[in-house]
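Here's the structure, in structure tokens; my notes come after.
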Amino acid sequence: MTLLILLACSPAPNATRADPIRLTLAGSSTVQPVAEIAGQAFEALHPGAHVDVQGGGSSVGISSARSGLADIGTVSRGLKPDEADLTATTIGLDGIALIVHAENPMTAISREQVVSIYTGAATSWSSFGGADHAITVVNKEAGRSTLELFEGFFGLKDKILPSAVVIGPNGQAITIVAGNPYAIAYVSIGSAAVAEEQGTPIHRLSLDGIAATVENVGNASYPLMRPLNLVTKGAPTGLAKAFVDFVRSPEGQAIVAKEDFVPVGSALAAR
Amino acid sequence: MTPAGRDRLAGVLLGVAPVAALMLVALVVVGVGLDGAPEVHAAFLTEAPTQAGRSGGIAPMLAATAWVLVIGIGTALPPGLAAAVYLAEFAQGGTRMVRVALDVLAALPSVVYGLFGMAFFCELLGFGWSVLAGGLTVAIMILPLFVRLCEAALVAVPADYRAAGAALGLPRWRLLGRVLLPAASPSIAAALVLASGRVLAESAVFLFTAGASTRTPHGLLEPGRVLAVHIYQLAVEVPGGGARAAATALVLLVGIVATTSGAALLPQLLLRRTAA
Amino acid sequence: MSAGPSAVELRAVSVRYGDHVAVDRADLVAPAGVITALVGPSGSGKSSLLFAVNRLHDLDRSVTVTGDLRLGALDLAKAPGDALRTRIGLVFQRPAPFPMSILENVTFALRAHGAPRSELPGRAEHALRRAALWDEVQDRLTRPAASLSGGQQQRLCLARALALEPEALLLDEPCSALDPRSTALIEDTLLGLRGSTTVLLVTHNLAQARRVASRCVCLWPAPGGGRVTDAGPIDRVFEAPATRELADYFRGATG
Amino acid sequence: MRLRLGDAHVAWALRPFAWLAVVLPALIVVFIAAEAAPVLQLEGALAFLTDARWAPTSGVYGLGPMIAGTLLSGALALALAAPWAIAFGLHVNLFAPRWLAIGGRAAMRLLAGVPSVVFGLLALTRLVPLLVARHPPGLGVVVSAVTLAVMILPTAALAVDAAVAQVPREGPVAVRALGLGTWDGVRAVILPQAAANIRAGLLLALGRAAGETMAVLMVAGNTVQYPTGPFSSFRTLTGNIAVEMSYATGLHRSALFVSALFLLAMVLALAVFDGRRT
């Protein structure tokens, strides 16, 4: 508290140094890596600009964009009806893939099979040509945009079996599947692709015959995907607009692609 | 069973505890070291991270952690010790209610402190995401723990000293500096160690208050990503970040030994303990 | 600090721990500069009465003290607690030296009460000499007090109390844990205080009482709390005690 | 003349800090209550106990399973950590050779600073796979209790260590003087005298267990159900907050704050009950 008093009487520190123009982003942890890398690239082009990327999840993205704590909120979903006061600019797309352990013989899954597993109708891998062993169903927690997209697409609203294991971040879901030959989960295609490249013992299942790859999301043949949005109060202006435009520019979209997300240009054109 | 026999048996059985603690540390160091050790080299400690932490170093994280540790302990220690002294030595009654309040508050999930810090320090007081907001929030979080342990330490000081002091017509506060605090200093040191350990171990609080930006904070109002948050981001959010998370954790382990050992010695140095 | 010794006078003093009455309306006079022994079997409330004099019971809220307590003209109930305790010293049954050096144990209270730094060594030496400890510690004053023997520690506590030059000195069975030599040294010190300090000595050691005290007050346990059953010149009290129980008690002890 | 400062002045000067130590954290309880108010006004506190399931995005807020989960994991963690902590405190003070006393304390200090995400990850990647074969999904009560016990061990162990260190030596020495051993001294003198501090340390450790977020979140499985067996996946009140808070909005978010209120109430009951016994 003594420190607080000291601070109160000292002039605001950042007013004295050559004042960097500061741009603050906050929100979805999925978008955070892309935002950070894009931020560093943006700073190279705009000396004197400081891009700070905070985390905390989509709801922090929305609330801090509204309160002005952040100049740009990042969310890994479309805006909800009650968020009409904000403007969303899509910078990329992220597919959702079902993943199983590398040793799991299954390589493809149909929409009906997903429903039977996630409602608990089918409880053993034997009904899918695997060993007679209980399926460990991994679900996401309420509020996650991936869950809403997943439930919406497969018509599983309030129908997913209550005994499913619940884990939020993609990284952890992948770790659980990598450690459990009898588990099935759904995660972002990008994170699954990187994990497979690094030798993590998992593999993605094709959905209704369509391989869960970044390309198929790009050409809109893979149905299950969500937008990655930069959210601002009203249309983006000034430094925020410069950053949004940068991310949508070819150099920005290259960063999006490198993180195994789907660049905006191609999908929208094809849609 | 002779007394000496009982002692030998007790020595062996009880001995399992510290030995198990050492093995546990070995497990953690090996578990973290296997993936992390190859990544740690000089540049790792001096450069800033790139590619969302998958490459580059963790220098900004070291700075951010130092900031929040100094601010956190610095702002919690004085009022904490003062409160503990008041409760143990001067309070007339009603200390049980305060003690219960402190126990309850010490049990609050850190994510709740994080959200409170964001709403109170970042937004209301306008500090924004900053090491100051992080430090002050964690100070509030460790205050109950610190006060509770220091108070228990003072209460356990033998009453003979207080009676002897009173018999010499000395007011209680005269005994603090040279008699009561030195006698309680082992537990005060433990409280300081736990408080600083808690600051280093915390991720949820700082995610919402000090922020996650990967730039080195140069001022109180600048955001910074502490080591624990960096480990969380890499391990859980950033695809392919596992090895770098382990490397960061390895560096943090070294930092913990240094900080907590320093914290353990602080009371002795401050209180110039004369021979017990 | 003080002009000269003052008498300690208690009128109808009762000490209660919650609802348990330890001492019931006791009268006691410890004449100025005289050594008065307070004797009686354990449980008669001797220590409770002693601690009422220098208001040490203030430390424990569950204790209530009633009656009239005076040090000379000073009403002990109204005087500020700390101040009156500089004028009434107390030595406990169990030595309780501070966790400091031998010298600091004596000077700590002096310094805290405002004695100028320059006077401290002299006054400390004077107090240690009066407690017959100076010769044994003069060359290791900076050693920790805990390094002293039990008898030496008790004499250190005595020196610590005498350093404030109190008008009255209370002792709660000071020698019960000491060797004969230390006991003799403490008794010589007390005898040396006659004329300069009023001494009130609680003791089980009736022989010690005869040797040291010139007056004696007897407390006897009763259901309603310890009562004073006899008081007067020590020889008269020992030879012709007021009650038969006292006679048996004295004969048992000295018979 | 030295300033005649009496205890009353010093007490007056220190009292605000005591209130600060309570009011500041209490501000947080106000914050929680404010955030929890919307859904409480709508649903009433009872719904949180009577609702069968937890589906916050569709207005169903059953906290029952999580309350059971918190109690079970806290109790199990303390049951594992308490004996370990007490044995540690006694051994490093009374029985251990010098190297083990120093090494043991350094180990505990190190463990006190390890972030819970590290413990969570180690458990998830090293411990869970071992259990998966026989007890799918490997996550659940046992793994969480073990991880939690390791998390709260330093708090308890260092507090017990300090409590034992502070017991004056005369007592145990007196017991040895009767020809008895160190262990007899422990039973007769040290444990009784150190009991208050040990209980304070264990209560803080239990509080830490209730408040632990990251580690339990990763290994509990987070299924909203009453834990039936040692390997059933379950969710604690704290896990509920940590796992959903980042993406919760509106009534769902305020329902998470209601879980925080329930957690507070549980710990309050524990602290009050424990308080009465001292």
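So that you can tell them apart, the chains are marked A, B, C and D in the order they are listed, and the count of residues begins at 1 in each.
Keep in mind that, in the parts below, contacts are C-beta pairs under 8 Å (C-beta built on N, C-alpha and C of every residue); 3 or more make two chains touch, one makes a residue touch a chain.
These numbers were taken from a predicted model, which means no experiment stands behind them.
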Joint neighbours of subunit B and subunit A, given as chain labels: D
Contact-richer chain pair [B-D vs A-D]: B-D
Most distant chain from subunit C, judged by the mean position of its C-alpha atoms: A
Separation of subunit C from subunit D, taking each centre as the mean of its C-alpha atoms, in whole Å: 49
Centre distance in Å when subunit B and subunit D are each reduced to the mean of their C-alpha atoms: 15
Centre distance in Å when subunit A and subunit D are each reduced to the mean of their C-alpha atoms: 33
For subunit A paired with subunit C, centre-to-centre distance based on mean C-alpha positions, whole Å: 80
Shared interface positions of subunit C, touching two or more other chains: 82, 112-113
Shared-contact residues (touching 2 or more other chains) in subunit B: 78-79, 171, 183, 235-236
Residues of subunit A whose C-beta touches two or more other chains: 1, 29, 56, 60, 172
Of all residues in subunit B, those that touch subunit A in their complex: 50-53, 71, 74-75, 78-79, 118, 122-123, 128-129, 132, 136, 207-208, 211-215, 218-223, 229, 233, 235-242
Residues of subunit D defined as touching subunit A within the complex: 20, 53-58, 121, 124-125, 128-129, 132, 136-139, 218, 221-225, 233, 235, 243-250, 252-253
Touching residues on subunit C, where the partner in the complex is subunit B: 54, 56, 58-59, 61, 81-87, 89-92, 94, 96-101, 104, 108-109, 112-113, 143-144, 146-147, 157, 160-161, 164
Contact footprint of subunit D on subunit B as seen in their complex: 2-4, 6-7, 9-11, 13-22, 24-25, 27-28, 31-32, 78-80, 82-83, 85-87, 90-91, 96, 98-113, 115-116, 119-120, 140-141, 143-145, 147-149, 152-153, 155-158, 171-173, 183-184, 186-187, 189-191, 193-194, 196-198, 200-204, 227-228, 231-232, 235-236, 245, 249, 252-253, 255-257, 259-261, 264
Interfacial residue positions of subunit A with respect to subunit D in the complex: 1, 29, 56-60, 62, 80, 82, 133-134, 136, 141-145, 148, 157-158, 162-168, 172, 175-176, 179-183
